[in-house]
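Letters A, B, C, D and E name the chains as they come in the text, with residue numbers starting at 1 for each one.
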Amino acid sequence: AEELHIVNCGSDTEPQAPVQQKHIDEWVAENPDYTVRVEYLPWEQCQAKTLTLAAAGTPPAAAYMGSRVLKQLSASDQIVPIELSEEELASYEPSVISTVQIGGEVWGLPRAFSTKGLFWNKDLFAEAGLDMPEGPQTFEEMLTAAKAISEKTDAAGFGLPAADMDNTFHEFLNFLYSNGGQVVDADGNVVFDSPQNVETLAFYQELAKYSQEGPLAYERGGLEPLFKEGQIAMYTSYAAGRGKAEGVNFGVSLIPAGPQGEHSTLLITDSLVVFKGTGLEEPAQKLIKYLTAPERQAEFDKEGGWTPIRLGTDTDALIAEDPTWKPFIDAIPTGGPEPLMTDFVGMQDIAIENIQGVVLGELAPEEAATRIQEDLSALD
Amino acid sequence: MINRYRWWEYLLIYAGMALFLVFMLAPFVEAFMVSLRPLNEVFRVPYRFIAEGMGFGNYVTIWTAQPMLLRWIMNSFGIAVAVTILSMFCSVPAAYAFARFEFRLRGSILAVFLVVSMVGAAVLIIPLYKLMLAAGLLNSYAAMIVPGAAFTVPVGIFLMRSYFMRIPAELEEAAYVDGASRLYTMRRVILPLAVPGMVVVAVTTFITAYAQQFLFALTFNSRNELNPLPVGLFQFFGHETVRWNEIMAASLVGVLPVLVLYVFLQRFIVAGLTAGAVKE
Amino acid sequence: MKTGRDPFPYLLLVPAVLLVGLIAAWPIIETFRLSFTDASMRPTQEYVGMENYTKFFNRDFWPVITRTLVWTTLSVSLKLILGLLGAVLLNAAVPGRALFRVLIMPPWVVPIAVGCFMWAWLYNGQFGMISGLGQRIGLFSGPFEFLAYKQAAFIATVVTDVWIGTPLVALYLLAAMQTVPADLYEAAWTDGASRFYRFRRITLPLLMPSIATMALLSTIWTFNSFDIIWILTEGGPRGSTTTMIIDTYRTAISRFRYGEGAARAVMILICLSVLSAIYLAMLLRLTRKGRAR
Amino acid sequence: MGDLKLNGVTKDFGSARVIHPTDLHIRDGDFTVFVGPSGCGKSTMLRMIAGLEDISEGTLEIDGRVVNKLPPAKRGIAMVFQSYALYPHMTVFENIAFPLRVERLPQAEVDARVNRAAEVLKLTERLGHRPGELSGGQRQRVAIGRAIVREPSVFLFDEPLSNLDAALRGEMRVELSRLHGQLGNTMIYVTHDQVEAMTMADRIVVLNGGHVEQSGTPLELFHRPANRFVAGFIGNPNMNFLSARIEAVEADGITVQIESGPRVTVPVDPDGASVGDQVTLGIRPDDLHPADEGLSCRVDVVERLGSSSVVYVFAPGGLPLCMVTDGTARCAPGEEILLGFDPADAHLFAADGKAFTRRQVPVDLAAISLKRTA
Amino acid sequence: MGDLKLNGVTKDFGSARVIHPTDLHIRDGDFTVFVGPSGCGKSTMLRMIAGLEDISEGTLEIDGRVVNKLPPAKRGIAMVFQSYALYPHMTVFENIAFPLRVERLPQAEVDARVNRAAEVLKLTERLGHRPGELSGGQRQRVAIGRAIVREPSVFLFDEPLSNLDAALRGEMRVELSRLHGQLGNTMIYVTHDQVEAMTMADRIVVLNGGHVEQSGTPLELFHRPANRFVAGFIGNPNMNFLSARIEAVEADGITVQIESGPRVTVPVDPDGASVGDQVTLGIRPDDLHPADEGLSCRVDVVERLGSSSVVYVFAPGGLPLCMVTDGTARCAPGEEILLGFDPADAHLFAADGKAFTRRQVPVDLAAISLKRTA
């Protein structure tokens, strides 16, 4: 039997891992010609390693990785597009499938999906004398709340992630999209110096004043314990963040809307892709389709605490069962994908560096926007 | 009498030592304190040096939380030992050649070794990967051992070379006059005399190999049961919340064997380094 | 010793040359070649001449090299100063010296990644010991995140690098110190020289060759120090800890621009070759006597 | 200025007693040499005087002041180490100037003193060199230079010549003697070479196993050794020893019967001797000579040094003896020769090694000027 | 069995010529000593004979066979190194057995041969020890043991005694001489100590700057040195040299006027001498003696060794001279004395250093048996 080598970013101790393994075992039982070996790798090293494998000419048959790499992989002719029937295609929300679509082709199957909501600590809001029963709904309310909390309680108003990690950019995009901003327009042009973007940066700069000490040392994971300990009153996180705030009297609302936009969110998917040149493209495709088929995917999402990839009756049931799901699901239609650029790491580095400048107060928002615009445009 | 200190000299020395140790050991103290805390006390504000519920529980749970832990430690040890053996096998004869013989290309070959010792493996990882692939070594202990050894050979050669240069040439000449072949001389006369130097180089290589076995293992191996400890430790990150207390416990457990080894061998190391020190 | 066309030394070199040549030398040559191509994740690559180099020079080179040199110099000097101090303390004939000798070594022995985890904790503003105890004793008014500010992070990475590198320097200098004949000290003592005077006029000058050797070796190692910065800051915040090796890794491995990355790797090699030339010249000068037989 | 008194001084290393209680008086201006076999405690004694080593018991006085607790620099001593202990990184000038730098003397004073010392030691040409560029003899002189600039009242030397080859050694011996003549300081000199001791000392102190065996002028030790150890140690080649038995004790000497040899009367004070005692007769190789009657010996090895010859023979009973003759000895190995000696030249030792006092010695020890240099 | 011939042998290190073309014949069974100052090429010569160093030009024959290309082991030689070169990690037994192990002799044979050697060298007691536990003299003997078990036809020694103290050195000298007498092999012995050379050699080869200055028996070299270098090198203390001018050349000798000294007629073959030539007169310290008339000298230093004394004086013009007298010299430093010598004892050297052949020597060189041991 031939072996399908699958690289899976993350850890096999995550709760959805056994589910996936169960599904794989079932598939192997149906396809006895193949065996499957799943290699779990820590996120920090996973992408680098997989791409090293690919660059050296021995890619895995399939891999589970961030969808943002798809453009680079497809441009480098490393992965094969997935053939989906109309019906299969239609089972996905358009905004979700757009995260894996480049030039009209689907390059991977969404596997894990996340949307973001604003977590806020009701007790701290009360302590600061804020009356926002639904949480802050606009940038302005958010600033007001953050300022009040910073001044009136021991906690910081907001948990701002600004370390040299991808989620610095991700968290920023939530607000950018909620202010009607864009990184790349529909034609693929960089449009970072728009007034909306500048405004969002200005908002970030203001927000930083009421944020926890040393935002540049934080990524989202570091904020979770702070929220849990009541050290920050607000932060953005994905659905699974709810489980990490145990013991806190918190609410989750949609990302506050900016003056020029409406509630939005960043849609991030991780997807399963099939590498080219292994001679196993076909069974690999079969396998990933099997794994992402609606019922199995739903089971996977549920176990992992992910935002469901496909909306439907299950989703309503989910909200009924746990109302805190609502903001994560409601945001899907208005959400935006990660900007698809070939050199996504380069893009991220540029954005992060300038966002950090803004957060530190070293760069004026306009200046930062112009710089990002210039540097991104120069990126090939 | 020259080594008799005045009271204030004692004070100064011990104060210096204390400061030094604070710097050297603070991270270990931190790690140890973290390893003693239950997870909910790890992230607790405000900071408390002594937290509630501290205990050695994590040192017990790590073995079940990561059933491979022992295996990783053994792998680390095994890989470091193998790297040391392979590295010594290459560096000892070469060092002997550099120390004792005049031959053409000697300078250039030595220079090449120097250059190699100057290149960080991190930037060579892709060609290296291709090489491992071509050699069919991926996903085996060899994939971690062979490159690990290759990058320790140059330093080994330099250390061993200065050691060999201290062995009087007359010992070899005496053996030649007595009719011994070069190999016989090396085996019966030179190597036994170089043992102290070889211990030092071996220990240094071992420690280097133990401390730096992350990159190769990560890139060239994808079988968890072959992983060394540093790579294995990253698997503690997979949980909902990173279990820092367990990571620290596992790290300290992993460092312990090497530390014990060092305690036993430190005498040799100081003495051997003395022999290797460039003098005059 | 006889010279000439004797095959024996070459035989002795075979294992080392095979291993190092194959595993290390070939990748270096390959890197050289790649530096003139546009190699990326794409399966094909083309020669682009010096483009990768000019790109690097036009944009990133000077800030990065300056930062690298400052970082390296700072770290190496601290290592040498602390190492020397450590060696002096290790050499002091006081009770407890044996214990001190053992306790000073763990940073060398600990896997670098593990050491960095520990430091990352120490530097943590909310849960780490420095900030925590610092607040207790009133050193800081609130939590302080060492890795969140440019200068602080720069210093923090240097401190960690120094922490890992100092024990070996101390050990090496201790060894060198012990080769200073005891009668030199006795002679100076007889002449009335104080302990400090003896250190300044005898120990230090006699240690100079060893210090120089260590300085150069340490420079090479520090220049190439990758894991520490990568794990602690990934080169941030705002690029303040992006040294040449980090920049190279980021370009080649994170951004898959192998060609450009290779060019930067070659630049590192060139920088270090200058240092290596100095080192080699010194090594040869220092050991010529030992070889002349 | 440089008068040393050791009162019951001892030295223990851990539980090992290396120096047994020793009383010694070293007079100002004397050139005193400590001799003895390896490990007898010479260096230890010197290092205690220098202050490099603690004194376990007893007191050390310099010019009447007890200095047991004083560090070396305060004792007014200077020491020249066996290994010279030159600072390899400093020039000859700086090596010599070192003690003055420690005292922070002004540069002009340093220059003046170093130059004066360099002139005395003929090192002026070499002041800019490093020790590594000097010959053994020159290094030696630098070490001495470093000692004399301090103008100490006591000089200590620990086997300063043992690293030199024979020729240089001879030369340095003469130079040190001359230096002592010029400076007139107290000098204490350790060596295990008794030729050095004989040629340089005003007084020799013979040490053995941590005890002082005898102390006196070189010729006293040569001609009136207090015991068999001193007799065997002083003189080159070593004294020959023959077993004998006392036959008669008279006022003017003791008559002994040498084992398988003749019967001789040795002119010594017979105090404590009684007939029948087992004694040892000692005779120096120079005092043995071919004779018409005497010990019948077989020649073993002949060493001809040109102006003298050393003949090794086996006496009856296989006892090896050594004889020195002037010029080129004419005997051949294997030959049988008869060796005799003048009983007045012989020494006699009791069973416990103590010497019987000799009546006459060939020179009037008191009459010879002790000074050997101008 | 052990006959060596060097024909025009030279040695270059790079461009430096260290040994100039040398012809030398070392006869089977001879004890040949190479002497010369440091750096003159003694070790190089020995190492070329051993095969440790390539011969640049010329041929080396052993027993009539050219061996230039032969490795050390095949030349039938054994070498004892200056530093002994004992293997510190092996016992005395294994050290001695090493050459036999190399030849893979059966254990019984090894035991037998090692034990025999150990007996000759009185090492039987020490066979189980390591070299580190032995005294210098014992180590020396182990090194010799390792050489003799091979039963070589030629023995090479490179300054084997230079690390020993004087007493042990004298002892070992005698033992080596005796060993040569017993084994009868060819022995080549390097030293820079001319006392060793004089006492041990059948023939001495004096080297200087890569040239052979003279080769001959010790007494030949002592009494008829071929040139001023050899005259100055052989004999201890060194010969005194006085500048002189030829006043008259006669058949039975040359009359010279010594600078600020007397006029003497030295009985030498006057070949090549002409009146007015500047020459050097040499006189050994033993041949100088106080006289009623002669050179008027001021005594500088007196060394009294007991049985003899060495007196250092300044001759007119400040020229330092050295005189050896028997017994205890009675002169004191600063005193003026007159020194004289018998012109027959003097040596005369032309301006280029070559000696004029002396007419008479105090001993009949040919008549003395060359063997010094039984």
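Quick note on the criterion: contacts are C-beta pairs under 8 Å (C-beta built on N, C-alpha and C of every residue); 3 or more make two chains touch, one makes a residue touch a chain.
None of these values were measured; they are calculated from a predicted model.
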{"item": "Furthest chain, CA centroid comparison against chain D", "value": "A"}
{"item": "Which two chains share the largest set of C-beta contact pairs", "value": "B-C"}
{"item": "Of all other chains, the one whose Cα centre sits farthest from chain E", "value": "A"}
{"item": "Chain A and chain D, separation of their C-alpha mean positions in angstrom", "value": "93"}
{"item": "Euclidean distance of C-alpha centroids - chain A vs chain C, Å", "value": "38"}
{"item": "Distance between chain centroids, defined by C-alpha means - chain B, chain D (Å)", "value": "56"}
{"item": "Touching two or more other chains - residue numbers and ranges from chain C", "value": "1, 3, 126-127, 186, 189, 253, 258"}
{"item": "Of all residues in chain D, the ones touching two or more other chains", "value": "51-52, 71, 88"}
{"item": "Residues within chain A bordering two or more other chains", "value": "52, 55, 57, 225-226, 231"}
{"item": "Contact set on chain D toward chain E in their complex", "value": "165-167, 170, 173-174, 177-178, 181, 192-193, 195, 198-200, 218-219, 222-223, 234-238, 284, 286-287, 298-308, 310, 312, 324, 326-328, 330, 332-334, 362-363, 368-369, 371-374"}
{"item": "Parts of chain D lying in touch with chain C, wherever the complex brings them together", "value": "50-52, 71-74, 77-79, 81-83, 85, 87-90, 98-99, 101-103, 146, 150"}
{"item": "Sites on chain B touched by chain E in the complex", "value": "168, 170-171, 173-181, 184, 188-189, 192-193"}
{"item": "Residues on chain B engaged by chain C in the complex (per definition of touch)", "value": "2-3, 5, 9-10, 13-14, 16-17, 20-21, 23-31, 33-34, 42-49, 76, 86, 89-91, 93-94, 96-97, 99-103, 106, 109-120, 122-128, 130-131, 146-147, 149-151, 153-154, 157, 162, 165-166, 169, 173, 182, 207, 210-214, 229-230, 233, 244, 247-248, 251, 254-255, 258-259, 262-263, 266, 269-270, 273-274, 276-280"}
{"item": "Complex contact set, residues of chain B against chain A", "value": "43-45, 125-126, 129-130, 133, 138, 218-219, 222-224, 234-235, 237-242"}
